[in-house]
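The letters A, B, C and D name the chains in turn, as written, and every chain counts its residues from 1.
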Amino acid sequence: MPLDVDAVVVSNTHLTRDYNVLALAAAAVASQTQPGQFVMVKPGGGDDPLLRRPFSVFEVLRDDARQVTGLSLLNKRVGVTTRMLFALKPGDRVRCLGPLGRPFSVTEPPERAWMVAGGVGLAPFATLAAALRERDTETTLFYGGRSANDLFHLDEFRQLGVRLELATDDGSRGEHGNVTVPLARALGDADRAAPLRVYACGPTPMMRAVTQLAAAHGRTTEVSLEQVMGCGLGGCYSCVVPVRRDGGPAHLVRSCLDGPVFDGSTVVWEQLVS
Amino acid sequence: MPLDVDAVVVSNTHLTRDYNVLALAAAAVASQTQPGQFVMVKPGGGDDPLLRRPFSVFEVLRDDARQVTGLSLLNKRVGVTTRMLFALKPGDRVRCLGPLGRPFSVTEPPERAWMVAGGVGLAPFATLAAALRERDTETTLFYGGRSANDLFHLDEFRQLGVRLELATDDGSRGEHGNVTVPLARALGDADRAAPLRVYACGPTPMMRAVTQLAAAHGRTTEVSLEQVMGCGLGGCYSCVVPVRRDGGPAHLVRSCLDGPVFDGSTVVWEQLVS
Amino acid sequence: MNVDLSVDIGGLRLRNPFIAASGCFGYGVEYADLVDLSTLGAVAVKGLFLEEREGHPPTRIVETPSGMLNAIGLQGIGVRRFVAEKLPLLRAQGAVVIVNICGSTIDEYAEVARILDDADGVGAVEVNISCPNIKKGGMMFGCSLQGTHDVVAAVRRVTRRPVVPKLTPNVTDVASFAAAARDAGADAVSLVNTFLAMAIDVETRRPKLSNVVGGLSGPAIRPIAVRMVYECRQAVDLPIIGMGGIMTAGDALEFIIAGATAVQVGTANFVDPFIWNKLLTGLTDYVQRHGLAHVSDLVGTLDTTDRTTAWTSS
Amino acid sequence: MNVDLSVDIGGLRLRNPFIAASGCFGYGVEYADLVDLSTLGAVAVKGLFLEEREGHPPTRIVETPSGMLNAIGLQGIGVRRFVAEKLPLLRAQGAVVIVNICGSTIDEYAEVARILDDADGVGAVEVNISCPNIKKGGMMFGCSLQGTHDVVAAVRRVTRRPVVPKLTPNVTDVASFAAAARDAGADAVSLVNTFLAMAIDVETRRPKLSNVVGGLSGPAIRPIAVRMVYECRQAVDLPIIGMGGIMTAGDALEFIIAGATAVQVGTANFVDPFIWNKLLTGLTDYVQRHGLAHVSDLVGTLDTTDRTTAWTSS
């Protein structure tokens, strides 16, 4: 059951000029969260900015006794609310509603998990990696960013036993170019018979490419779409994506209820506006 | 010349549940400020709240070498902006435009100065007391508040050589009742021939009463009015007060330009809405 | 002290004046886990045509200062599926249901109303002649006195439920539309729907909404909406359901004092889906503090007598 | 790269498109210490009647979400004192002056315009048929097509200056008013004036403004104002001066791309009296980044071609 918490900012770690990790004391939300779910947040009072904004739960935070204490968000500055989230100080408060949305399905061995992240699309994969680890699923993260400085949290993923395949636009770390380059190679190299599930989050063209690449190799992809969302609860019909299921006609479905995680093969990518 | 400074909050001292003193690094504004002048401030970005709010300059702040470093505001929580000013933390920023408005005339010996303050109406009198001290003017502060806890800055006024006459609504400090009670007595006791100027700031009925009391004893009063102000610069005509000068007809004049300090005898009190 | 928050809208009794606004609360069932629907005055469900509609492609909303634009384009499941799939769930939850109906033609409005008249659990019919986002129907009717009259009269003929035309604010004289609605047999009016508006992405020089224009809602419009409710109250003797930017009980009270018998809350529900409890507590507290027995005693009590000495230059 | 920010409003050349909005900049002279008036496109001075007026008693303004209501009631010194006392100072400052004129009758508008026609330094006459705060004149004319036509025609007859009627947004179809203004001989139109609105103090159950209703301005109204400029641009071939909630160069660009040749900035000037430099810098930067030579190349360049695959349910 989603809850709304007036959460205290515990810490705000600036990673680069545009990225930060914001830790919130929202234990009641965090303890219910499944990988791929999101929260709707609103920093500051007043009516401008007015609406909440959707954010993946980045980490479920725990104390030394493994008790859940809150959650963190991986935030990228792009506009007014993300600027505010970047500037927050410990002790400030953020309204945080969640957890919301359909989570990833967490696959189990023998199926392996390949997570493909572009930029801030990394956000849902920290909790997914932790859940996969619990199931001992063999996991790889394909992770692309602009440059070496824009690749975060690598040690944490390694500690979770995640194999890393990196790519940067400027070649400063890992493969030079798009994350789909190492992915394509790996898909080609992989044993066709060995079960494998692909997860993708990032820019829409990247998710589309990943879905198509994976499909070409007979793999299904779960994508986490990032539509503009007014409410996060199915109330406003702002967040729709075109989906075609069972060969039927395409329909616009609400990504806050039916998503944000979708089977990539059901998304009608050529009609997806974002 | 008024300046607009994006001032850093240096400190925020909470005096009671509703009153605080906010120190701002706005040296360029402070160094030009004359007693009774005000600044237009806006904490936070965004369009809600939209307009700036007027505040008397409470103190001109100086470092050990007597260099001006900024100014402080005495803030009382009554609505959205004053709530924000109450909650600010050091390092936050406040837009601060000023100094604005017609200041008090700072009287010199042999004329004595009687300042009459009600509640947050204390604000313009700290700088006035300092200026009077420079001129060695004998100064008394008549100061009324709800209770002993609501009387601030008393030591600072004493250090400036100001004699204090206190009154509280609940009798917990000084006279029991309105500040006009000790004022009326003192006006009666004072030597009629000795020159004396009265200054008043506080709730409108109090300023009106002070003006009339003083006039009955042949004294003039400079009042600092608190109208709602949209701009503080003469642009919007929101801040008008009815004034009658030289026996002519009454006119609505802009209190941001012609005030906030007025000769109390020119104010048409029965038409003053505030 | 016990206070009576109940109000009457053209024969429909509501437990309290707070109604979830159409298009801002899905079909109500989406919120059933979060909110006890039986504690709301009523739920106004998303606008329904006769048939299913996909609505406009995204981008469908954009935020503006203290407001938002929407151009959803009335995506919906059609009235028959609503009656079959959603209405029973709403009834089971104990919700009072107001169905917002749409049409591209007058006949379509009447047909939708007729189907609803046969269904159980419809408290009232809100006639949406004010949607700014669709080409045919909607505001086309709501911006013409004749169109308003004709749609309302057609719906009136086919239903026994209270008929509540929803007025558009995009007109010169909203009170004349309230009067036209009354003359056509309306039991109440609701206002305001959204203001026709637009936002432009200056970098691409393209509209931010796929539909170019959309409807402005939220706190930004509240002062205009309150004025329109006040004008309607002066002009016609019908119950008014007021709305536009209500975020707090105090905002709702502005509408009630201006003349609204009940209020709808739309955009605020996006910001805070748990708003309903706060609204109820705030209203109850106000009614008690002011020593009133019934919230309905507040309706239209704005005191405009002049307390200032009129200003003259002499 | 040097960019040309100048624009032409019905024969009046402005250095740049930024005009201080009437009623938000006093008579301009109040700002002469702070702002170099010769760097503004123009200064639109506070609305002037034939005679002095005291306006409404306070409270005259109240803040609302991302906006403000005003009911100043056109306090002013009258056109003759303006010409004698203020106009020479404005000319000395190098300001381009647009005089906003008012009247309770058509004859009064014409008389004010005639007096200004004899004066030196009047760049254009902005005909205020849209003030929502006065009983006679103002919106009374601006809400009627005939009234709009008659006032504009009367002013047109007595002046050689560009005539710019200022339209009210409180109408169903603003473009028809732009057309009426054009037919009566207007050289341009300006829009929008404020939206009629109100706010209520729920504790006292009294209006917050002494005048009960007032005009809503500020960012809250921007999306509606942009839409209205866009509609006028489609309908009439006159230069448009757009306004309503402009706070940044980006906001101004929305109006320009929607169809405004110049823009006025009102409420924002209260928030930031030093806004003019920021607007100029922002606009210059944009024009350069987009590789344009003239800001006027941007006017009305909104691209509404559909780039989305139209959504169908099949």
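The rule is simple: a residue touches a chain if its C-beta (ideal position, glycine included) is under 8 Å from a C-beta of that chain, and two chains touch if they have at least 3 such contacts.
In this text the structure is predicted, and so the values were computed from the model without any measurement.
Visitor: Per the contact rule at the top, check every chain pair and give me the one with the most C-beta pairs in contact.
Guide: Chains C-D share more contact pairs than any other pair.
Visitor: Just grab the chain with the largest centre-to-centre distance to chain C, centres being mean Cα coordinates.
Guide: B
Visitor: When the centre of a chain is set as the mean of its C-alpha atoms, what distance in Å lies between chain C and chain D?
Guide: Taking the mean C-alpha position of each chain, the two centres sit 32 Å apart.
Visitor: Measure off the straight-line distance from the CA centroid of chain B to the CA centroid of chain C, and report it in whole Å.
Guide: Distance between chain centres, rounded to whole Å: 47 Å.
Visitor: Just the number, please: Cα centre separation of chain A and chain C in whole Å.
Guide: So the centroids are 36 Å from each other.
Visitor: Scan chain B for residues touching two or more other chains and write them down.
Guide: As it turns out, chain B has residues touching two or more other chains at 47-49, 251-252, 271, 273.
Visitor: Give me the residue numbers in chain D that touch at least two other chains, ranges are fine.
Guide: Chain D, residues with two or more chain partners: 54-55, 57, 65-67, 210, 218-220, 308-309, 311, 313.
Visitor: Are the chains arranged, by touching, as a line, ring, star, complete graph, or other?
Guide: Drawn as a graph, the chains make a fully connected set, so complete.
Visitor: If you look only at chain A, which of its residues touch chain B in the complex?
Guide: Against chain B, chain A makes touches at 44, 46-49, 80, 89, 91.
Visitor: Any idea which chain C residues touch chain A in the complex?
Guide: So the residues of chain C in touch with chain A come to 23-26, 30-31, 33-34, 46, 54-55, 57-63, 65-68, 70, 72, 75, 210, 218-220, 247, 267, 269-274.
Visitor: Which residues of chain C touch chain B in their complex?
Guide: 65-66, 219, 308-309, 311, 313-314
Visitor: Which stretch or stretches of chain C touch chain D in the complex?
Guide: 52, 54-57, 64-67, 69, 143, 170-172, 195-200, 202, 204-207, 210, 212-213, 216, 218-224, 226-227, 230, 245, 250, 253-254, 257-258, 286, 298, 301-304, 306-313
Visitor: Any idea which chain B residues touch chain D in the complex?
Guide: 1-2, 4, 42, 47-52, 95, 97, 227-228, 230-231, 233-241, 251-252, 257, 271, 273-274
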